[in-house]
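For reference, chains read A, B, C, D, E and F in written order, and residue numbers begin at 1 within each chain.
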Amino acid sequence: MQKFSKLLKGLVKPVYAHCDLFCGVYDPAQARIEAQSVLNAVKRYQDTDDEVLRQRAIIIKEQRAELVKHHLWVLWTDYFKPPHVEQFPELHDLFWRATKAAGDTKKSVELKDAEKLISLIDEIGELFAKTKDGYDYAAVVKNLSV
Amino acid sequence: MQKFSKLLKGLVKPVYAHCDLFCGVYDPAQARIEAQSVLNAVKRYQDTDDEVLRQRAIIIKEQRAELVKHHLWVLWTDYFKPPHVEQFPELHDLFWRATKAAGDTKKSVELKDAEKLISLIDEIGELFAKTKDGYDYAAVVKNLSV
Amino acid sequence: MQKFSKLLKGLVKPVYAHCDLFCGVYDPAQARIEAQSVLNAVKRYQDTDDEVLRQRAIIIKEQRAELVKHHLWVLWTDYFKPPHVEQFPELHDLFWRATKAAGDTKKSVELKDAEKLISLIDEIGELFAKTKDGYDYAAVVKNLSV
Amino acid sequence: MQKFSKLLKGLVKPVYAHCDLFCGVYDPAQARIEAQSVLNAVKRYQDTDDEVLRQRAIIIKEQRAELVKHHLWVLWTDYFKPPHVEQFPELHDLFWRATKAAGDTKKSVELKDAEKLISLIDEIGELFAKTKDGYDYAAVVKNLSV
Amino acid sequence: MQKFSKLLKGLVKPVYAHCDLFCGVYDPAQARIEAQSVLNAVKRYQDTDDEVLRQRAIIIKEQRAELVKHHLWVLWTDYFKPPHVEQFPELHDLFWRATKAAGDTKKSVELKDAEKLISLIDEIGELFAKTKDGYDYAAVVKNLSV
Amino acid sequence: MQKFSKLLKGLVKPVYAHCDLFCGVYDPAQARIEAQSVLNAVKRYQDTDDEVLRQRAIIIKEQRAELVKHHLWVLWTDYFKPPHVEQFPELHDLFWRATKAAGDTKKSVELKDAEKLISLIDEIGELFAKTKDGYDYAAVVKNLSV
């Protein structure tokens, strides 16, 4: 795969040449950080009986899940290009399921829903890394786990 | 197609039964209205030499195009369900091209780019209408043209 | 009325000639769509005993009612012009009551408050249609009812 | 007028008794502060030939004028009650002209447009003071002039 | 102190000469107004048993406390300059404690937490007044108490 | 330092025990990513003569620099605790200079101003890493450089 990725990169360059990106800064860390907040909000909800804290967990989860969706949508629409879709035919479906999973975390206070979201973002992060030599997605995850 | 749509609707109902939608209000008119603003901002830009008005056209086009993207993303992720994708295999690609076209209008002051965006939203609007008996997308377009 | 409207339009044109509008895209559909979300959020609240879903209904109703207010305010300040106020002397009061009704839906989980809001927006929609030949407000309402 | 105001206050109290306000904190200072920013942005625009600074003045003026509109709309819809409109029949028209004036400052880089906006807000501020014993609007203006 | 303030002002002017401020409009009233809303939201929460009203109090307190933080941060970063820090060595710590206190009001429904926030903002307001001849912070507080 | 950091962590734990943080997710990567966008926007501005692209660079730089400020402010107020300030007496001043540097990038189209901002954020990132065993700030920077 790595080799194919490099091959593709060579082919893609000319496509990028007229650069329709603006600033070119994309990092799945943004979605992953907010998803971690969603997970922690669920944990806080489950760990307490305090009514106010629980309501705040719902409010904040709602906001953070929306940010997750936004960051994923931006990545999907702005970063990825047609050659990526040829290389990763599952790309659209993966983003669709991930943004739907983000929506599901708004409706739920179950750990498994937040964990499913994180797992899908991690799949996107790994895929992103394959399109960018030297990008280390594992480091993003590790930084959020310490 | 109409018949297939009805058939699908029967099949889809059970999927909706545990309703993961929240309020269920979706209308492609939202994206279409903002796209019309993008088009008009381009026209205003082209029709004037006034420096301040031109700069405001750029600012407002930027904001409206972002709203177009947002409304399209919400439609894609929240309204459409797996059976729709089976029925319309082009769904993902259509939304991807439409949101990319919205991004392109930020970078451009050409009428053709804004018109391309509107044309893609209209394609989405027609597709949306096929999934919802009685929804009249042509009325949305007509209301924006008077 | 139709005739008077046409007469006024002729008179108004010169007023529009130095056009202080920016993009000129206004559509009461925007407020109506958000108001429908408010109504549906109230319905969801009433139909469930689930504590989390009820809290989400409150949160989302709060946001959507604010969007209703915003869209109505924009319409009132930006779309309507002095000749409209001469033609429709109740204009200011109608918008005042409608935005207040939107505020009331934040404070309430009663269907009748959401329905009152929608009814006032529909009054505004009909009035708007009278100022714009060919605009079909009934189509907006119908699209939201299917 | 002062006497009438007191009389009205006595009459209004029962109306407030079932208090449909939420937190009851309203202060025209919010709109006045943002309008001062609009004025200063215009001054900065006029005082410089620097292209970047001029563009930033346009951007910031756009944002601040929008905030002026928002604060005025909130005051109009949420603070004022039917008895106020009876006492001040010009209330609706005054707010309409003030929010339109805020919109006009977006389109203009003329001092006179920003000054007209401030003058209308000051009219609103004085009117607000008449409805609230002890509120000193002159102090708001003075604080912004030092 | 007044005298030292004037002395400093003379010294500071040359620093301002290349003015890195944009519009130069800063007023602690903005943070104080939102903090009053936080306090009133807490009062409303404590005064009622209505579940919906209590949830709205939590939601609105969350938003208003965030606005308090934002206005304080802007004041700290944008208004104050190095000579002010020399004059008021406690400046950084005061803003840190005030913004933390704003965060604490999100987590609490206790009057004392909202009152502590207001007390810290009043300290900032008094300090601000010392840097600006003629600014009357007491008038801001008085306007919010009537 | 590392040893002192560990010592402090032991001492700090009891302070954290009544945890006033909500979700506990903080990552300087958020500010760093937006600062990279600021830098790239400046580069794009410098590399082109296209008037529209230059105006968009100004608009986007304005927004991204604001996000940098926001993420830094949140880190300063919400993540850091009194024991951190004892350990790092320069903390307040460092954040003050960094947020001021972010403000400076709004006013400038010079590479050196964007680079200064990034350099200050990197200082904060390294300091943050000292308070969190296992956090790898260098990985954040590396991911943004590929």
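Everything below uses one rule, namely that a contact is a pair of C-beta atoms (placed from the backbone, for glycine too) under 8 Å apart; a residue touches a chain by one contact, two chains touch by 3 or more.
Note that the structure is predicted; figures quoted are calculated from it, not measured.
Novice: Using the touch definition from the top, list the chains contacting both chain E and chain F.
Specialist: Chains that touch both chain E and chain F, as defined above, are A, D.
Novice: Among all other chains, pick the one whose mean CA position is farthest from the mean CA position of chain D.
Specialist: A
Novice: Which chain maximises the distance between its CA centroid and that of chain C?
Specialist: Centroid comparison gives F as the farthest chain from chain C.
Novice: Taking the mean of the CA coordinates per chain, how far is chain A from chain E in Å?
Specialist: Chain centroid spacing, chain A to chain E, equals 36 Å.
Novice: Roughly how far is chain D from chain E, going centre to centre by Cα mean, in whole Å?
Specialist: 21
Novice: On chain F, where are the residues touching two or more other chains?
Specialist: If we look for residues of chain F contacting two or more partner chains, we find 22, 55-56, 59, 106-107.
Novice: If each chain is a node and each touching pair an edge, is that a line, ring, star, complete or other?
Specialist: Graph shape, chains as nodes and touching pairs as edges: none of the named types, so other.
Novice: Hey, which chains are touching each other here?
Specialist: Result of the pairwise touch check is A-B, A-C, A-E, A-F, B-C, B-D, B-F, C-D, C-E, D-E, D-F, E-F.
Novice: Per the contact definition, I'd like the list of chain E residues that touch chain C in the complex.
Specialist: 52-53, 55-56, 59
Novice: Would you tell me which residues of chain A are touching chain C in their complex?
Specialist: The touching residues are 55, 58-59, 62, 106-109.
Novice: In their complex, what parts of chain D are in touch with chain E?
Specialist: 22-25, 27, 29-30, 33, 36-37, 40-41, 44, 56, 60, 64, 132-136, 139-140, 142-144, 146
Novice: Tell me, which parts of chain C touch chain D in their complex?
Specialist: 20, 22, 69, 73, 76-78, 85, 92-93, 96, 99-100, 103-104, 106-107
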